[in-house]
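Below: a set of structures, written as structure tokens.
Two complexes, one shared chain (chain A), two partners (chain B, chain C).
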Partner chain A sequence: MSDGEQPRAGNVVPETRLRENGKKAGGGNGDNSNDMDRRALFRVGVTAAMAVGSVALGLGLRTRDGHGKSKTLPKLKDHRVDKIQGAVEMAIVRGPDAAANVRRAVEAMGGMGRYVKRGERVVIKPNIGWNRLPEQAANTNPDVVAEVVKLVAAAGASKIWVTDVSVNTPEQCFARSGIEKAAKAAGATVVRPDAPAFREVDVQGKLLRTADILFPFVDADRVINVPVVKQHGLSGATMAMKNWYGMLGGQRVKLHQNIHLSIVDLASMIKPTLTIMDATRILLANGPTGGSLADVKQMDTIAVSSDEVALDAFGASLLGLLPTSLGFIVEGMKAGLGTPEWRNLKTEELGG
Partner chain B sequence: MFLWLRRSYQAVFLIFFLFLVFASTSRFIRGYDVQWFLEIDPLVALTTALSSHTLHHALVWSLPLIVLTLVFGRFFCSWMCPMGVLHHLLGHLGRKRKVLQRVEQNSPRTSHNIKYAVLAVMVGLAAAGSVQIGLLDPIASTWRGLSVSVLPAASNTASGLYQGERHFQWGTLITIVFFGALALNFVYPRFYCRVLCPLGAFLGLLSKFSLFRISKDISRCNDCDVCGADCQGAADPMGTVRATECMVCLNCTKGCKRGGIAYRFLPALKLSKVETDLSRRKWLAAGLVGVASVPLARASDGVDPRPNPARIRPPGALDEPDFLGKCLKCGACMKVCPTGGLQPALAEAGLEGFWSPILIPRIGYCEHSCTLCGQVCPTGAITHLKVADKVGEMPAKPPVRLGSAFFDKGRCLPWGYNTECIVCEEVCPTSPKAIYFKVETITARDGTQKTLKFPYIDLDHCTGCGTCENRCPVVDRAGVRVSAANESRSPKSSVSLTGGKI
Partner chain C sequence: MRIILFAVLAVIPPTLIGTLVWQGRKAPPAEYAAASARPSGQEADKALRALFEPPPTGTKIKEQITLYDEKGLFDFIDGAAPIFIDRHFRKLAAAEIATAEGSDLDCAVYDMATPENAQSIFDKEKSANAKVVDGWPEAIAGPMSFVFHNTRYYAKLTAFDAKAEAALPAVAHSLKEKMK
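This part shows the complex of A and B:
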């Protein structure tokens, strides 16, 4: 090809003439036909590149069995802290000031520093399910949530999320429950359940295989459940374990077909660090939505434990229910999540 | 300088309009009067006053605009109207290059009379009790286009960061009409404003009397026609300026180097043309078409003879004939509805109710303590309820009912499949719950005994909010569905003998 470069450097041939000469078969001189070769070579090269490229792209996108690529889903961490022999296992505090009750109960349980270490990331899960006011007792009391945020912040957490998947319109639930404002003022990051906030995780339950849950539950080092005590038509009651429904996006209404096992599957997956049960006001009827103040009973009680079955059993007694009559308590006990015999735990009761 | 003043006004009003659309969501709305643009729209006031014989309080905002138009002419179109600004910008799509071609584009045409006929038809319809102005009114069209089409598309693409997922049934029709109107600028600049806009037509009629007008000093004019090169309204500044068509954009004054054409106070009457080209006969015919259309349409569908179960109106909506006499189909309620359940009707509310709001519970239910749709409704077609009045307090005060829920027992999981469920009971927001259950033991297929909770509905407590239908796990056609029957706005719809009062 080196001799083909010479005419360009030396004699300038007009472009039009070049083309004319090139068209004549064998009629042109050697230089022009060389130019023609190069162009042909270029075209062959482009065509070959397109052919190779499209075959490679197709093979790259091909799925082996026609079912798409398989993916490994993340599993949740174990959020619990080690048990200390002889330590208080459950604290029940009664008193007119909900925030003070939270402080005293957590103190009785060894202080928040036992559960949250400096620099850890913590998610706090109240019930923000319903478009209701605090006094209607359909959601966790905002003062309780704010106090938990403050205690976690004082323990040195580097990040505090407060989140829930509301059943009613999220922005209205977060606003009217008073929790968004109270939690923000106490220093938490409030995560609304918008579409990008969900991650698919491996549940490994008896009933549930995978679930879409809010990202803080995947990312956090510690998880604190802050449920409220309410009557519930299908499951009998909704308290600590049932509160984990609120991690879920997607079609969670299907879980009701076997509510007790799905409650236990979720509670087994999450393994929370601590549960702070709000029984400041409890909902005795028309739960879990409530709506009328006639359904609400003032109890001024906070109960704290890392045993959710025990807490649910205690909560059931507040609602006047026999704990072992509730399927999820029985199933939770069978799954090794805790004991409904909360009186057998080392319990500290204060006030009232 | 005045051109820059106009451009600043246009920018400010467009931004203000977009801000109001943006703020019109349960997250940001607070107490903003987001419908201010529709409230200042005199055509909204005129048509709803004609149909309902009352002027909704917020619509007195239109009176200043009437007065200003009588003084300054049809300035609204080129200074304030958000759709006018969009057309002003997009007018460049079909704008020819050469001055003489543009003068030709901006010459008066017979087709420019169509808007007056549209206006006459709309006024005739309103006089006969049916408000259809919102289909073509520029403010209502822009609000609807942005909130039912453009913003949902943007927000859904951005993973619902602005608001939750929004889908509107056959919103594509609204998209096509909205962008179609803008695309008409390819034919010639401001095609919609010149040919179709009924608000422009109405303001044009008022401009007949305007004190300030564009007028030409013939002694200084050398017939160069440059004044017509960018005339927005095709008001013929080259000949005798048409007061009805002039949008006071002031572009004509820019081209004239001799000071021949200017915006003047009380110019001689002969210097402007104030009559429209639509003959009196056509005016009358168009008006009669409007008036006659209402009984003709109602002879076909009627308002009430065969109520559609899907015609579930927003809480606080007036009784159907009154509602049709006020609803603009502007989409304000659909935009603000926190669940996205308010949807543009297709055939559910008859021909007259096309694009009027209905609740489709499968898409979104009526939030128990939310009254935002009534708060934003510019005409009072949906009354602004107090939450306590909407929710009621049984047994003394019945709630506002949109309809009532009914079980489809073949599709309900406990009834049809003997499977545990009662999600409907859980989410039912009333207290006491309208959906309750009875525990019954049945014999399963394999002969074993099975104890199940079977749901029932208490008609007296059901508000027809549709939360049950929305959350029913039977994904397509739910096992419990709301029908408009028993809605409280119409005594005729009552199903129960006591009308829900216990």
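This part shows the complex of A and C:
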């Protein structure tokens, strides 16, 4: 599949344009032989530049190992499953029990067995970025993460990883969020973002060519995104697409310089199997860190889809934002990652 | 032809310099304006650390105090960093504090360039649902949180349980008294 791929503009200058340029360059002096020499020289120059560029591009996709030898970098797989004609494309469930909301929403989407087959290795990616309690709504709700682990285990997964690159100290974030304890109890292997957990990957992005990525994203057969809905100081909101910042090591400052395009670039690199969006509690202000319960709103909602743009548009509406006011939603739509018109999808809404 | 080209190339540098000088003279909005008179970097760092030495009454610092500069701020608050940097953020001191009863609270003190910058970030982040603290209009308290500004400092305290929440006002007052 190549939904997120854009045709690349070539570097080749059309022959007719070369000729026109040549005419202009030599125009008026009547020295045709000189003109011919220049054209020939120009062609040689262009050809040489293209050759050098091709070699450089090839070398750019390779890197050196610790012994100075070149190696080919791994690439991220496409983790999506085939679409089924007429199937529900988005499920929204409201109710007081977060775990029950997850079960009902996944069931409405066809059940976890549709997305995870027996023996497959699965990585689950919540937001564990912050040294915050579940009540402070800066991280994904631990009950939601635990329920996703249980559903994936019941589908027959041979390995289940739960991981994230925390912004604050990982030990504090994984413990205080309640996610480490809940995920382990449900049967997952929790991977903290320590240095050996990263692997250099050829991500083929527009802003990032290569990136250090947590190894489960490279090794897994299926990827399940489990973001939380929050206001965000720079991007306006952080939900499904922005959650992919948490698979990268050490590039946050660079990626925040062009936030909306960076979010879409990352979302184009990884093609998740499913996204289960946690809106049990949402952070309305002072995101992404939060802290005050005055900024938290209890929504008791779970939304599930394989369309991250649609989920982000739905999440924006929970935050009281117009989806088209968020640059990354507009750019995500332009990049072909999905539609902000989530009501146009085949949607099942339950509870509430 | 060469004379024209030379003339164009000769005019570009002074034009660029002139433009930069002219833009530099434009006054920034008051809330973004940096102070001309403030302690040097080392003195300011020393003063920032001194807020926690000794620790607020009845508490202890759990781990070493960490200072973050402009670049490192993204590693602490991620996408919230630019709204601080736009307001002349200088440095952040972050510490996790334990109360005598063993409850934890998170303490972040932002050293801004001027008191106006500190007030600006306080106004920007003030939650609509948080309550102004009685007798302290520069402080707001939300459940599990206490936020205030004083001189050029902006402080955010976050509790992780009810006992720590009860300790927040005393910790805030202790920090305020040391802010010169």
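Following the convention adopted for this analysis, the second predicted complex is superposed on the first by the 281 of 352 C-alpha atoms of A that agree within 3 Å, B and C clash if a C-alpha of one lies under 4 Å from a C-alpha of the other, contacts with A are read in each partner's own complex, and residues count from 1 in each chain.
By our rule, a residue touches a chain if its C-beta (ideal position, glycine included) is under 8 Å from a C-beta of that chain, and two chains touch if they have at least 3 such contacts.
These numbers come from a predicted model, not from an experiment.
Student: On chain A, do chain B and chain C fit together or clash when superposed?
Tutor: Overlaying the two structures gives a clash between chain B and chain C.
Student: Go through the superposed model and pick first if A:194 touches only chain B, second if only chain C, both, or neither.
Tutor: Only chain B; A:194 stays clear of chain C.
Student: Tell me the contact category for A:135 with respect to chain B and chain C: first, second, both or neither.
Tutor: Second partner only, chain C.
Student: If we overlay the two complexes on their shared chain A, which of chain B and chain C does A:222 touch? Say first, second, both or neither.
Tutor: Neither chain B nor chain C is touched by A:222.
Student: So, A:234: does it touch chain B (first), chain C (second), both, or neither?
Tutor: both
Student: Of the two partner chains, chain B (first) and chain C (second), which one does A:171 touch, if any: first, second, both, or neither?
Tutor: first
Student: By the touch definition at the top of the document, which applies to A:125: first (chain B), second (chain C), both, or neither?
Tutor: In the superposition, A:125 contacts neither chain B nor chain C.
Student: I'd like to know which partner A:104 touches here: chain B for first, chain C for second, both or neither.
Tutor: Touch status of A:104: no partner.
Student: Could you tell me if A:256 is touching chain B, chain C, both of them or neither one (first, second, both, neither)?
Tutor: both
Student: Which partner does A:295 reach: the first (chain B), the second (chain C), both, or neither?
Tutor: A:295 sits against chain B and chain C alike.
Student: Of the listed stretches 6-14, 222-230 or 384-392, mark the one in chain B with C-alpha atoms clashing against chain C.
Tutor: For chain B, the clashing option is 384-392.
Student: Taking the two structures together, which residues of chain A meet both chain B and chain C?
Tutor: Residues 131-132, 167-168, 172, 176, 232-234, 253, 256, 259, 285-286, 288-289, 291-292, 294-295, which sit in both footprints.
Student: Which residues, counting only chain A, touch chain C once they are in their complex?
Tutor: 129, 131-133, 135-136, 167-168, 172, 176, 232-235, 238, 245, 252-253, 256, 259, 285-289, 291-295
Student: Which of the residues in chain C come into contact with chain A in the complex?
Tutor: Interface residues on chain C, with respect to chain A: 71, 74-83, 96, 106, 125, 127-130, 142-145, 147, 156, 158, 160.
Student: What residues on chain A touch chain B, complex-wise?
Tutor: Spelled out, the residues of chain A in touch with chain B are 130-132, 167-172, 176, 194-196, 232-234, 251, 253-254, 256-259, 285-286, 288-292, 294-295.
Student: Would you tell me which residues of chain B are touching chain A in their complex?
Tutor: Touching chain A: residues 26-27, 159-161, 164-165, 338-339, 367-370, 391, 413, 419-423, 425-433, 437, 453, 471-473, 475 of chain B.
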